[in-house]
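When the chains are written out, they are named A, B, C and D in that same order, and each has its own residue count from 1.
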Amino acid sequence: MYKLQSLKEAAGTISNQSTVALGGNVLHRAPMAFVRELARQEKKELRLVKTAGAHDIDLLCAVGAVGTVDAGFVSYETVYGLPPHYRKAVQTGEVKANEHACYTVISALRGASANVPFMPVSGLKYGDLLEHNDYFVVVEDPFTGEPVTLVRTIFPDVAVIHVQECDEEGNAIIDGPKFEDVLMSRAADRVIITTEQVVSPFRIKQNKEKIDIPAFLVDAVVHVPGGAAPASCYKKYDVDEKALREFIGLKEKQEIIEFVRKYDKKDYQHERRNRTW
Amino acid sequence: MVNYRISDLMTCTIADMLKDGETVFHGVSSQMPMVAMHLARKLHAPNLVHLNIPGGVNPSSVKQSSYSSAGSDLVEAGESYFPLDQIFDLSMRGKLDVAFLGGIQFDINGNVNASVIGDYHKPKVRLPGGAGSAVLIPTAKKAIIWRTKHDPRTFVEQVEFVTTRGNLWKIVTPLCVFVFKNGKLQLDSIHPHTTLEEVQKQTGFELIYDEVRYTKEPTAKQLQMLKQIDPYDYRSVEF
Amino acid sequence: MYKLQSLKEAAGTISNQSTVALGGNVLHRAPMAFVRELARQEKKELRLVKTAGAHDIDLLCAVGAVGTVDAGFVSYETVYGLPPHYRKAVQTGEVKANEHACYTVISALRGASANVPFMPVSGLKYGDLLEHNDYFVVVEDPFTGEPVTLVRTIFPDVAVIHVQECDEEGNAIIDGPKFEDVLMSRAADRVIITTEQVVSPFRIKQNKEKIDIPAFLVDAVVHVPGGAAPASCYKKYDVDEKALREFIGLKEKQEIIEFVRKYDKKDYQHERRNRTW
Amino acid sequence: MVNYRISDLMTCTIADMLKDGETVFHGVSSQMPMVAMHLARKLHAPNLVHLNIPGGVNPSSVKQSSYSSAGSDLVEAGESYFPLDQIFDLSMRGKLDVAFLGGIQFDINGNVNASVIGDYHKPKVRLPGGAGSAVLIPTAKKAIIWRTKHDPRTFVEQVEFVTTRGNLWKIVTPLCVFVFKNGKLQLDSIHPHTTLEEVQKQTGFELIYDEVRYTKEPTAKQLQMLKQIDPYDYRSVEF
């Protein structure tokens, strides 16, 4: 089945208050073109899910698209510093930060992939995260009587994953680290792939052992070369240092909108969904 | 007498804590432990298992890691693939020997805060979050924290929020090494360039120690190897 | 680290009453040479774990090495028929059959890989398996109040996995279907690899993306070409129909011992652990 | 009038139950549904997703599957890899449309026994076990059971042990098709070569039906395609 959609179409399927799992990790292979389109379409009160987010979460917080963030870590990497817009949004109370232990995001997504309401987590034993968050609870193991911590499952409505190669049916190949993306594709109700390249049936067949997400799990394929920029995309491009430093320095919402607009041409270059292989 | 900087000393001190054959993990924004692990593998711990977020087991080089210690270069240079979710599982099973973790505030009772200053739900300052700390510090056999800042706001009597506590073993700072022993953060050694007075002045709680030991200086061999494995000086990126 | 061991040495590390997870599935890539060595060494009261077992479980039951079997299915494939020795052992009460739903074996092993005491299973809702087995329990989900079934975790002492290629350090590559083997390598306390080929560091490096089990998880590597026979081993050999039919017809324990003895030469061909690449 | 055998009829009947775009799973010792799924893909359901234990998605051929429907050939001929554990997860998420399952005893209330005859802990006969049935019959949208034996010991008033029950949809036998409706196993159609009397004689409970329909015969196109995709007649292996 042919699943190519334009960026506008695919982002148009995301309703406000959706739970959105974002692929990639910190500054690597984040689905930034899709994130920018969510900003352009002025989505509201999204619940974002990621083990460790950076520019993606920061940008959506900057434009007021976020209601809740479930993550273990939100920050740029060492040399780029802290995420100003996320911090501000949480500190003003506009965004609810559900702090996880990275692993508990993974556990909560594993829960969704197996459709169970919670997952036991053996490592989460001490501290105030347990006290202050209603998505953690300590119960008695019915087999041994010992205490065990449960994390409530997070069921993403959609996972948005940027990959290097995907065919028109949705068979997707991630080059390099896969982070939580494969898990997200199994945890989410719908899967949207944005891809550097739309590859031919022949090429995908030649590389079938490398397929990370089989087509039948995928709802839409969006062709966006550069779709992770200014984050990195392995084998395609590195982090765009200038853009990131510029973004972190921005204060006003209008400046953010201008920043996003500068990507319009690149993000929309395949908007007509012309076959390219 | 050899010539070295604080970042060299800290890196070598960390490397010296690692034993041959141990499984060791570092996360994001962790260039210093990453270089230290590689140093240990090159010198005294060739069978150390180097694990990291992108999943490259025992990367043969960390030279390409520039701004990131979570980049694809670690997989490309790795000997096999073992990603984050499985590293967590490994630690849960008690098979992770050492985890390197960060944090913003630490107190005398070994509590770590990486979450908030102020109220959790309406924080004065929202910190980046503990990342894996809350599950790794309780489960890794030894958790090592490194911190390039040592001041009375970092080392406090009591943290404002307990992100986690557990098997904290050592904390390495630009001034000293703390060891967590008998439920208290104690002075393990102070660095050669500082004094007990300075460490006390920069620490928000009364220092506990039996005797004052000095941190071992980097050896010439270590410094030479550091130049070779970390030519772009990523170990100093936080300074 | 050099981990090559002889078959005798490696099997010698398995103590009676151990919980042993067996790789492969029905007649495919079962670690038969190792299983035969367990029989030769007259192990007792083993607890065997596998989603779907066949000749491996049947043979160990035939020689009286088994105490408990945790599996979803124990049978040969269609044309070969039912496992006579397993059935007899269970029917006489010598072996305890813990019937699982295949998936609950997977869940129980996932529990071990995350070191939690149980795993929730959403699909197991009805029937007598829930009533008659103490490793299933229905509890109330603390988050929603709904009932949820838990399966008690199975912690294997050792996983025994037969692969096509492995280096001397334990980096193992499974060609073709992996079944539950990768999971078992993460769930077990120790991992023993039996391998068709011991490959050079160079070759494993060239194929590093195909490594399924990284060396640091592996305790011992045993070089046994033909180590899955008479089960199949993808790209190496198909099922040995004659041997299977012969085995199924055997009745007496002495006949079984003879059957195993016929494999001695093949199973021990690399007993001296000479480097072969 | 075309010439066909019971195994052809059963295979085509099963194929006709499958719709385009559905995700469909078969297990081990399941040559007949395997061939039926492939037949459906070749004729009316090109977008059916064929899933199986070894994990080969949509194998382009099932010709090499000889004695096994769980062999590596399905992966080799597959377009991608999606193994058993993930297929179970898929079904738990309500995204498996059809599962093919076996069983030894079935009763009028839709209960399936694949476990034991006699006491569970000290059985008179230990059966192979339900494999995935106990989690798939409750979670797949439609569970189809095929059975090449139809006698009063197979279709009983009450099974001796309830391995599972749930979303049982159809049971295909050499004599008829049962449909599970309103909590009862009802006669859906009888095969053209048999009679209501024969079906009743071979069934251990009183048949429920509104009218007697006959199972649709295989079409010439189906039979021709069967020869092409299953030249070694694996669909008949249980006969």
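One rule holds for everything that comes next: a residue touches a chain if its C-beta (ideal position, glycine included) is under 8 Å from a C-beta of that chain, and two chains touch if they have at least 3 such contacts.
These are the chains along with the protein names UniProt gives them: A, C = CoA transferase subunit A; B, D = CoA-transferase.
Owing to the predicted nature of the structure, the values given are computational and were not obtained by experimental measurement.
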item	value
Fewest touching-chain hops separating chain B from chain D	2
Rounded Å distance, chain A centre to chain D centre (Cα mean)	40
Rounded Å distance between chain A and chain C, as computed from the means of their C-alpha atoms	37
Separation of chain A from chain B, taking each centre as the mean of its C-alpha atoms, in whole Å	28
Multi-partner residues of chain D (each touching 2 or more other chains)	92
Chain C residues counted as touching two or more neighbouring chains	114-116, 121-122, 209
Set of all touching chain pairs, with the criterion as stated earlier	A-B, A-C, A-D, B-C, C-D
Residue numbers on chain B that touch chain A, as the complex places them	28-29, 31, 53-56, 67-72, 74-76, 83-85, 88, 91-92, 111, 115, 120-126, 128-136, 138-139, 161-166, 237-238
Chain A contact footprint on chain C (complex, rising order)	107, 111, 114-122, 137, 139, 141-144, 146, 148, 150, 152, 209-210
Residues of chain C touching chain B in the complex	1, 112-116, 171, 186, 205, 208-209, 211, 214-216
Residues of chain C that touch chain D when the two form their complex	25-28, 51-52, 71-75, 77-80, 82-83, 86-87, 90-91, 93, 96-97, 99-104, 106, 121-129, 132, 175-180, 183, 232, 234-235, 239, 241
Touch list for chain B against partner chain C, complex	21, 23, 47, 49, 57, 78-82, 86, 89-90, 92-94
